[in-house]
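Each chain carries a letter (A, B, C and D) given by its place in the written order, and its residues are counted from 1.
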Amino acid sequence: MTAPILRVEGLGARIAGQQVVESVTFEVPARGVTALLGRNGVGKTSTLKGILGLIERWGAVEFNGERIDNLATHRIIQSGIGYVPEDREVFASLSVAENMRLAERNGGPNRELVDELFPELLARAGQLAGTLSGGQQQMVSLARALVNDNTLLLIDEPTKGLAPLIVLDVTTALGRAAEAVPILLVEQNLQVVRALADTVVVLESGLVVFTGPANEFLDNEELTTELLGVHLTDVGATGDNA
Amino acid sequence: MSTIVLLIITGLGLGALYFLVASGLSLIYGLMGVLNFAHGSFLTLGAFAGLEIARRMDGASWITLFASLVVGAVVGAVVAAATEFFLIRRLYNRHIEQVLVTVGLALATVALFDGIWGTDPTYVTGPAWFSETTEILGAKVPNDRFVLIIAAVLVLLGIVLFLKFTRFGLIIRAGVENRSMVTALGIDVRKAFTVVFAIGGAAAGLGGVLASHYFGYVSPQLGGSLLIFAFIVTVIGGLGSLAGAAIASALVAVLQQFANYYLGGTGDLTVVLLLAAVLLIRPTGLLGSKA
Amino acid sequence: MSARPMLAVEHLCLSIGGARIIDDVTFAVAPGEMLGVIGPNGAGKTTLFNLISGLLAPSTGTVFLNGRDVTAEPIHKRARAGLGRTFQTSSLFTGLTATENVRLAAQAKLGAATSVIRFPRRTDVATTIANDRLAEVGLSHHAKTIAGVLSHGDKRKLEIAMLLATDPRVILLDEPMAGVASGDVHGLTDVIRQVHASGRTVLLVEHHMEVVLGLVDRVAVMHHGELLACDTPTVVMADPAVQAAYLGAPL
Amino acid sequence: MKLLTHMKPWMWWAVGGAIAVFAALLPLINLSIPGILPGPTYTPGTLQLLALALLFSSLALSYHLLFGVGGMLSFGHALYFALGAYGLGIVLKTTQLSLVPAMGLTVAAVICIAYLLGALSLRVTGISFAMVTLAFAQAGNVLVRRNPQITGGDEGLQLETQNVPDFLLGVLNTRNLYWVALALLIIVFIVVALFEHSRAGHVVTATRENELRVRVIGIRPFMVKLVTFSIASVLAALVGMVHLLLQSGVTARASSADFTLTILVIVVLGGVGSRWGAVVGAIVYTLLDQRLTALASSDAIAGLPAILRIPLSEPLFILGTLFILVVLFLPGGIAGAVQRMDKGGVRRNPAKETSSEIARDKIEEVT
């Protein structure tokens, strides 16, 4: 077993004086997709933001063997972490090209991969990002993270509110990205989790309650019911995935 | 007719001064959410710096004027950047406290200017051409008005081009929209804060030197009195909107001139009434988005 | 159904910058009914609540409360007409005590909430209501606690107590279980069940399927701003389109 | 230690009452505090200064109601102080009304103006509200300066003494004015405290915290904010009236933006959200201002090199700098600092971060 790329120990976080993450401890392996699961409001997004220092946090975060919990957000990102936020957060009044230019470090070494994954964005380079569809905005958001040479990606609900066909596109793109870079993924769509994740970490009330291989968790109906509040079998999980 | 032309051009000249103050206020507010009460002091300091240069050089030459403009802008920029770096930055995201610090700074600096330059106005003379007039459509327009208008247009153009074509401009435009996402792309947004303060300070310093020629004097109160109109202009134009500030500056100042001339010196009151009307009809200002 | 619906929306649409957030949604809720609203994240459930409670104005369409068109009314008028709601993230007056929070809501209902000459007393009606509602949700022991320091589950209970104090006829609950520990889910479920049993009409947005299926009379499924289905839980859950939407598209 | 934390509400009122009685006795006793007071407490000069401190305390309390309780950051509060002072001055000058009816008339006018301007300014919130109130106050300032035949312009307005009772006039009666100022402070303190505990007070506090939530439970916050704004304005006007009597006149500075900023400085210095803080802040500020002015014209300063002499001879420079330091390093002002000391430097609840919340903590204990 190789050393984990990210080690989170006793991470807590607070938004506007309110504690949203209690004490979270987990590791992200140096390859593959690790899915961070749990019901709405358990602190998944806050955990990602806490790792990046976007909200007030405490505890230890080690990236590539180095402590990053005392660094400012932009330093953490510069050290090689790509972030795709919930709700995309593209700059609506900037063009697609400007959104990309803002994100690129060292000239954007993975430009070709991005162009290949999202050819649509090339055609719409001059368009204001605010006028794109939800799916296209998600592509911009993903492209902003993929264009750089990162050693870890934090991706928050990339399929939220997207049409099924776009979900497929996004999943494919994430699968491609995961071949090169480990990913910590927050995702509600269990089909996507099943297709991508190797490991799952499950949160409840700001604490980690389960860590293990993805299949083991997803196949255990008792666990998914208790921890995610979803009856997979009740509604007929569609079995194997692409 | 000639009176109307004179009033319009004089109004635009005054509007240019308002814009030079309001542009910085608007940029700073848009990016950082800080209402900068010390902005008037940047202007006053720029004016005094220009004055000191003029005293040391040949008072009435064009070179002196140019030098005082440059020095005024540089001093404004440096002091504004220092204010951001040493005071505002320490209170990151605590907007009320940031406003309070700029209030304290405004009080302290005006008192300091009183101590250094005295409370009485110091009179300023520019190149002889400034006090001459040019005839336009029968109106004898004092020449300094043109300089003011040209300067404001150049500043507006400069800021727009800076925002559009430089990397800092890109960061600032993105930061106005969503500051935390800018840092989440690995960019140190605080540098942009300092840059914005410096630009605002430069515009204010430039405005200070020009204001001293427009009014014919410098006093420690100069910045404070212009600042209040700049506030009104920013609210009417829409908080954080540069274009709104430009339009409102012209509108407010021209209206003020007309009211002063035709309604017996009620310009200032008319401006406040205009503000009240805008608030009633459109609380977010002319070009403001959601408050 | 012959009874006039307590709450109805007709052809509700909301477009923001060309994007359809809510797309032609029509449904009605009978008096005393509990309707669950489910759907994947970003499907428009909270937006729907915001339209009903008046936080947002629809692009087109109408909202009826007890047969009356309230589409143009401001938030506080709808609240006074008997529409109460909670928020996804708990929203309390964090600097006031639990009692003070609930009392404010009771005062809103009783009128003279903003009276300068009336002082809250231990014996007045509003305080009595406040204490009763706190007892109802099981928070009496925290009456004097500052709301900001309550546990997450207790905050959600306090929100429901505030809601009850305004004595609403229609209640919109926006993810009441969000962030609540498993251990507290049952307690909170019981509270919601009681609220419904007292004859109130309830709309419930909730991710926690167990809670939804165990409580509601009918389920509405939202997807991409559209109403995919609206029927009893068994019928809705058998619908293949719903399965795909809720668990994610088959890959 | 933790003395304040364990005090019951009635104890606070008892302590306050004792201080008030002591303050009432000051003109009758011979107390000297060298370095702080210019002379013994029975002398008119000292009483004048103390009365001024009491008036500033009342004014700070009225601003506390607006900003600390209601969360409305107004930059135009001086307008209402000036309305009181100029209003009463003009009524006394132009009519034959005696003092009390003249005050009544002025209050009625202030209520109308405050209601109207408040209704307009409250259409916007936050920073816009601050700028709009500033603009209205500035318009008032312009009116005062541009109409010298009515207001005396920059020269200021002299008090017309014809209809003012004799016991409020003249240097020898300063102690009567001192007592009036003290009575006013007690009244303002009680009014503010009662308002904070009234239903409207709770609603406005709630609105400051979460305006949307207030609307969702069925209350329209606009009215209650307007009422708060109007009460704070009338209190400020009352202070302005007594100030007119105490100073035998009023100058245009009373309506200036600088004067509002001074009130803001006092409240922040004392601790936002704390009634006691506002009172203590005003007393500290007034005494400091007076002492610094004395210092500025002293020989010790005149002998210094320019780089030290110029800043030190400007009291406002020192006060402004002090204010910046308080904001940067002393969150919660004097009240916050006292409370931290009382709690032995340990904060009870780490979630309460902002200065106003720390100060609010204290209010909870008083109630």
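Everything that follows uses one rule, which is that a residue touches a chain if its C-beta (ideal position, glycine included) is under 8 Å from a C-beta of that chain, and two chains touch if they have at least 3 such contacts.
These numbers come from a predicted model, not from an experiment.
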Joint neighbours of chain D and chain A, given as chain labels: B, C
Relative to chain B, chain with the most remote C-alpha centre: C
Chain B-chain C separation of Cα centroids, rounded to whole Å: 49
Chain A-chain C separation of Cα centroids, rounded to whole Å: 30
Euclidean distance of C-alpha centroids - chain C vs chain D, Å: 44
Sequence positions of chain B contacting 2 or more other chains: none
Multi-chain contact residues (two or more partners), chain D: 351-352, 357
Shared-contact residues (touching 2 or more other chains) in chain C: 94, 148
Complex contacts: residues of chain A adjacent to chain B: 52, 54, 72-74, 77-78, 83, 85, 89, 91-94, 98, 101-103, 105, 144, 148
Chain A-touching residues of chain C, taken from the complex the two chains share: 17-19, 40-43, 88-89, 94, 148, 152, 175, 177-182, 207-211, 224, 237, 242-244, 246-251
In the complex, chain D residues that touch chain B: 73, 120-121, 123-128, 130-132, 134-136, 138-139, 142-143, 146, 257-258, 261, 264-265, 268, 310-311, 313-317, 319-321, 323-324, 327-328, 331, 354-355
Chain A-facing residues of chain B, complex: 167, 170-171, 173-174, 177-178, 180-189
In the complex, chain A residues that touch chain C: 17-18, 20, 39-43, 87, 92, 130-131, 133-134, 157, 159-165, 167-168, 171, 188-192, 195, 204-205, 225-227, 229-232, 234-238, 241-242
